[in-house]
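Just below is one structure, and these are the notes that go with it.
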Amino acid sequence: MSVLVGPETKVVVQGITGHQGTIHTRNMKSFGTEVVAGVTPGKGGSTVEGVPVFNSVQEAVRATGANATTIFVPAPFARDAFIEAVDAGIPLAAIITEHIPFHDMLSMLYYGRVHGTRIIGPNCPGVATPGPAKGSKIGIIPNMIFRPGRVGVISRSGTLTYEIVNSLSEAGIGQSTCIGLGGDPVPGTTFVEALEMFHNDPGTDAVVLVGEIGGVAEEEAADYIHSRFGKPAVAYIAGRSAPSGKRMGHAGAIISRGRGTAESKVEALTRAGVHVARFPYEIPDLVRQVLHGG
Amino acid sequence: MSVLVGPETKVVVQGITGHQGTIHTRNMKSFGTEVVAGVTPGKGGSTVEGVPVFNSVQEAVRATGANATTIFVPAPFARDAFIEAVDAGIPLAAIITEHIPFHDMLSMLYYGRVHGTRIIGPNCPGVATPGPAKGSKIGIIPNMIFRPGRVGVISRSGTLTYEIVNSLSEAGIGQSTCIGLGGDPVPGTTFVEALEMFHNDPGTDAVVLVGEIGGVAEEEAADYIHSRFGKPAVAYIAGRSAPSGKRMGHAGAIISRGRGTAESKVEALTRAGVHVARFPYEIPDLVRQVLHGG
Amino acid sequence: MVKLAEYRGKEIFRKYGIPLPRGHVATSANEARDLVAQGKVPLPCVIKAQVLSGGRGKGGAVQFAETPEEAGSRAGGILGQEFKGERVRQVLLEEKLPIAREFYVSLTLDRSRRLPLLMASASGGMEIETVPDEKILKIPIDPMVGLVSYQRREVAAALGLPPSANPSLDATLQALWRIFVMEDAELVEINPLALVGGALVALDSKVIIEDDALFRHPEYEKLTGDLTPLEAKAHEKGIAFVEIGGDIGVIANGAGITMATLDVLSQEGGAPGVFLDLGGTDDPKKVAEAFLLMSEAHPKVVFINIFGGVTRCDTVANGLVEAMRLAPPKFPLVARIRGNNEKEGVEILRKAGVGSFTSLAEAARQVVALERNGRNPGGPAPPSEAIPAPGGAS
Amino acid sequence: MVKLAEYRGKEIFRKYGIPLPRGHVATSANEARDLVAQGKVPLPCVIKAQVLSGGRGKGGAVQFAETPEEAGSRAGGILGQEFKGERVRQVLLEEKLPIAREFYVSLTLDRSRRLPLLMASASGGMEIETVPDEKILKIPIDPMVGLVSYQRREVAAALGLPPSANPSLDATLQALWRIFVMEDAELVEINPLALVGGALVALDSKVIIEDDALFRHPEYEKLTGDLTPLEAKAHEKGIAFVEIGGDIGVIANGAGITMATLDVLSQEGGAPGVFLDLGGTDDPKKVAEAFLLMSEAHPKVVFINIFGGVTRCDTVANGLVEAMRLAPPKFPLVARIRGNNEKEGVEILRKAGVGSFTSLAEAARQVVALERNGRNPGGPAPPSEAIPAPGGAS
């Protein structure tokens, strides 16, 4: 079992003929994902990595029954690409594109909610569900880090997530699904929403949260875990020693006015019963402990 | 039984200190309605017809638990008044105000949908559920026309509805609930949505539809009745002999390009098994026939 | 509804960045000639009467000129003429462009979907009503989000536009959307939208502003051009009044009841001619005014059919009695006043010598009978005698 | 982020109709004197340095004048000075108004609710961070609908405004909302918003435009004022580079992994000083550029910690090798390159004499040991010798 993506997921890639779109179409396919279609306006009729390209998402959906999209189109066009996917009836969109204006995201969030399309991202690595036979993935998380299993991973970070998932796999701890939320100020899916999914997933026994300084998403996750989450959780918060007020690469990693500090996040999570790792490489042991009481 | 309003309905009146607001507060109360609060900004603390007046809907809801609103505020302020009601958590709004720009209604429709608030109207007489002991009403439908019973009435017209409900009552046929949808180009609730409510209401045995020329709402109602509505229906379409292209009082009553004619509506309804009256005064007999096979 | 003349619609188009032919408005032949002579309007040019009715091309209201003098004389030939009942007070002079193709685009409200609707067709330049449905692309638009790029691409495909014209199309459609929203339009139409040298140009404009939104747009005034003099007079007083030519005057309240009254009268063989919708008035003065307006239409018989909801029967009755006092009617009167304060209203009328029916069918039959009497050479009977006591109400 | 100077924010305010004191910008003492002498700025007037840092009042960057000469000399005293490291190139001269009260209003993004947030406080004129939370009214706004009247009434009540000022408040808040949306602002703040003779006037402006939306607003340029010279240089090349003063240089990819590296180094007793985030680059040239930039910061040791997802390890390795060839590093190098094309990358580095760790903890310990060596007078060891073969990976 898994959340969001699985063997039934049929993926369309928006922006498939771009550099990243092409590379990750190949990667998604070699992970086992059913990439059924690509979309690039004006390039309909061609193929990329053996995947047929259409001029519009609607054409792609009609021809292939795609039910998830991965969006690689540049930021100025990402909002419209997403709305096109929603109008074509696609219920799940991983938006890889970075630098989408948050004003655009506010209207995308509205549009997705009204029409029942879930957004993962933007500026995120996507979602991956490893499988014993074949996995399913929307986005860019590297294939080789996974091992099928029963631990869910939710992260606001990109590369750090890969690092952590890889360490879990190396320690023999497999994953049900890994969700990269992205670090943007207005994420389509929050920690709490992702936790709810794992809460309801019989295939997930425990969850690893990878947070970072800035915002209050981790504090809200702690509240949710405390009041309703029924599974053990392990967390890591990056940026404990980050210099105050300096940006560390994206807007999510700025500390303002004492809120959103590593301390407040660690404290909130600890109070909620979450085992908080000081360093990423402590996570596998902590997961083993919460799973086996070790 | 009934739909939309009943003994549990606690009404707030927005614009209670205006002429119409005051008159209809009195009428709603004498119908048996629990009018628990009025709202007029700046007039908080006063009372109208024994009803306490608040400065905001939120204050009114907090103090009284109001769960429906009747909006009498002038058209330029109606959109904001409705949004205030939604933000205060009110799930049902009868908007009596006429001449609200349809562009405003489009955003009100969105806002109501996202937040789960149903709109009746605008430019409508509201909703009334007569009761053996006490009735419940949001809006301005006259009290004396009702008789409690098991026939639902849905209408795009105002005064004609009163006429028809009155004739039902005089013929001994009582009503479960009467819904006045209003004749505006963008109604908050359509025939189809109102029919769905009566379909699910065990207290309703048959439905009377009062339509008029213009638009295609009656044709859509016919489609719904044909495919899913499980109760007998009687209809009347006003304007069979209306001069083509002339406005008869509001935008809903204009014929354009051969669509929305009385003929097309009557034909669609008849095909759907609805008994269509040629004149309003034939309705009671037709209702008696569909109910008792007479 | 506020329907704007072509040049006014084009002023809006210009403000929102839709490309237009170079042009100017003139109100006299001399002004037209000078505009061309001074090079403000390039030659050859088009001269178009600024009237609101369609079909100007066939009707001679669109002309062409090759010289300033010709422009002046053509403009002079159009100005001051009547076109479909409307006096031509302005002409629009515009450069005549080398048109490759003509398209149709518009935004309006789709009442069925309760959404804005974008329509586009490769069959531009003719009335859209005459274009077969399958040749019109229709795209519903989310009002909170507006037009998005894939919809614009669908339009480009439907029009068969060369790719070079895509930026021009995108800008035009975005402007169309902004006009629709910002100006509270019921309709924004460009027909024809012409392809000229790889870019699009709006050759005509049709913009209708919603009446109900005029409080946000004081710059537009309500249009009363299509109304008869009496209708216009009623309109000024805020009374809905429709003349269609017939003997019976109907005073009712509400569009539904007005239409139902018409239906019943027609069925009984009557010829209703004037409708006056009181709406939800509570003001006896307005009722009196309405009645006096009705008198001016010289009906053979007047049927007052009121169901009082918001309107109170006694208000209507008082207004009627007052109006009859001021100007005793020269026609028989049939009343049916029911609903709110019915007893009081009926009593007031009774005291003034006017009876009131309970049954609509009976009242309608009486109206039609009086209409037939009124056609006799004997002339109308005085109201107090002509109106029988109403039949027993149930 | 694009933070606009006060006068530029006020230009936007003016465009959207927010009332302002009469005022002008001057770039010299003479110009300032003339503006006042010509009556373009009424007396008495305020002279404000146009710098981006706060606390201008306490810092002497706001002055007052009663005569044109005084305005000139005060302006001259401010212009050309440095304020918190920023050179004053313009002053804004404005009439000094008789202020009754000062308020605070702003619109920004509430990340937790994922909605715009309207904030208002009767405690205007001071930094909002110093105002207690209970004195700030916070209203989340639906982005599709905008500010509605009851919210504006809540603000009026919270500010304790006289009813006469309500139209002024409504107009100001609506303008604030339009600026927030139309200009893609992260923050629009008026502090203080002053009550002057029954109406509101914006005495200051703070407008921050979102970087990511600059493609829609070419009129705004990105701000690099707060950056060190090396940070600015990196910024131009599109590389995220942060200097905080320490011995260890860190090259990583992604904010999370950068922060985690910092956490581990700090824990091991190291003093990280420079971070360079490669992000998701696929371009060996960019890696080489980044490495050369790092060299310019003169770290004692450099730790390259890469987990390749989008980034490929061989790309990073090739870039590094190329950079080392161009400018042999004067510091020891510790690498940990994992993930996408890991084997190839490790092999490329190995051939260039650089070993790669598998374990982050082990790598970090090695970095800190080399940092300590680097502090010894013996100077840095050459990289090929300083870096041991990595411990066995699991």
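In this document, chain identifiers A, B, C and D correspond to the written order of the chains, with residue numbering beginning at 1 in each.
Convention: contacts are C-beta pairs under 8 Å (C-beta built on N, C-alpha and C of every residue); 3 or more make two chains touch, one makes a residue touch a chain.
Because the structure is a prediction, the values reported are computed rather than measured.
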item: Result of counting contacting C-beta pairs for A-D and A-C, higher pair; value: A-D
item: Remotest chain, chain A as reference, centres from CA atoms; value: C
item: Separation of mean Cα positions, chain B and chain A [Å, integer]; value: 46
item: Rounded Å distance between chain A and chain C, as computed from the means of their C-alpha atoms; value: 55
item: Whole-Å gap separating chain A and chain D, where each centre is the average of the chain's CA atoms; value: 27
item: Numbers and ranges of chain A residues touching at least 2 other chains; value: 107, 110
item: Shared interface positions of chain C, touching two or more other chains; value: 144
item: Footprint of chain C on chain A - complex, ascending; value: 41-42, 55-58, 77, 79-81, 83-84, 87, 107, 110-111
item: Residue numbers on chain B that touch chain A, as the complex places them; value: 110, 113-114
item: Complex contacts: residues of chain D adjacent to chain A; value: 109, 111-112, 114-116, 129, 143-144, 181, 184, 186, 210-213, 215-216, 240, 242, 244, 252-260, 262-264, 266-267, 275, 277, 279-280, 282, 306-311, 338-340, 359-361, 394
item: Residue numbers on chain C that touch chain A, as the complex places them; value: 142, 144-145, 148-150, 153-154, 163
item: Residues of chain B touching chain C in the complex; value: 19-20, 75-76, 99-104, 106-107, 109-110, 125, 140-142, 144-145, 155-163, 166, 170-171, 183, 185-187, 210, 212-213, 215-217, 220, 236, 238-243, 246-250, 252-253, 257, 278-281
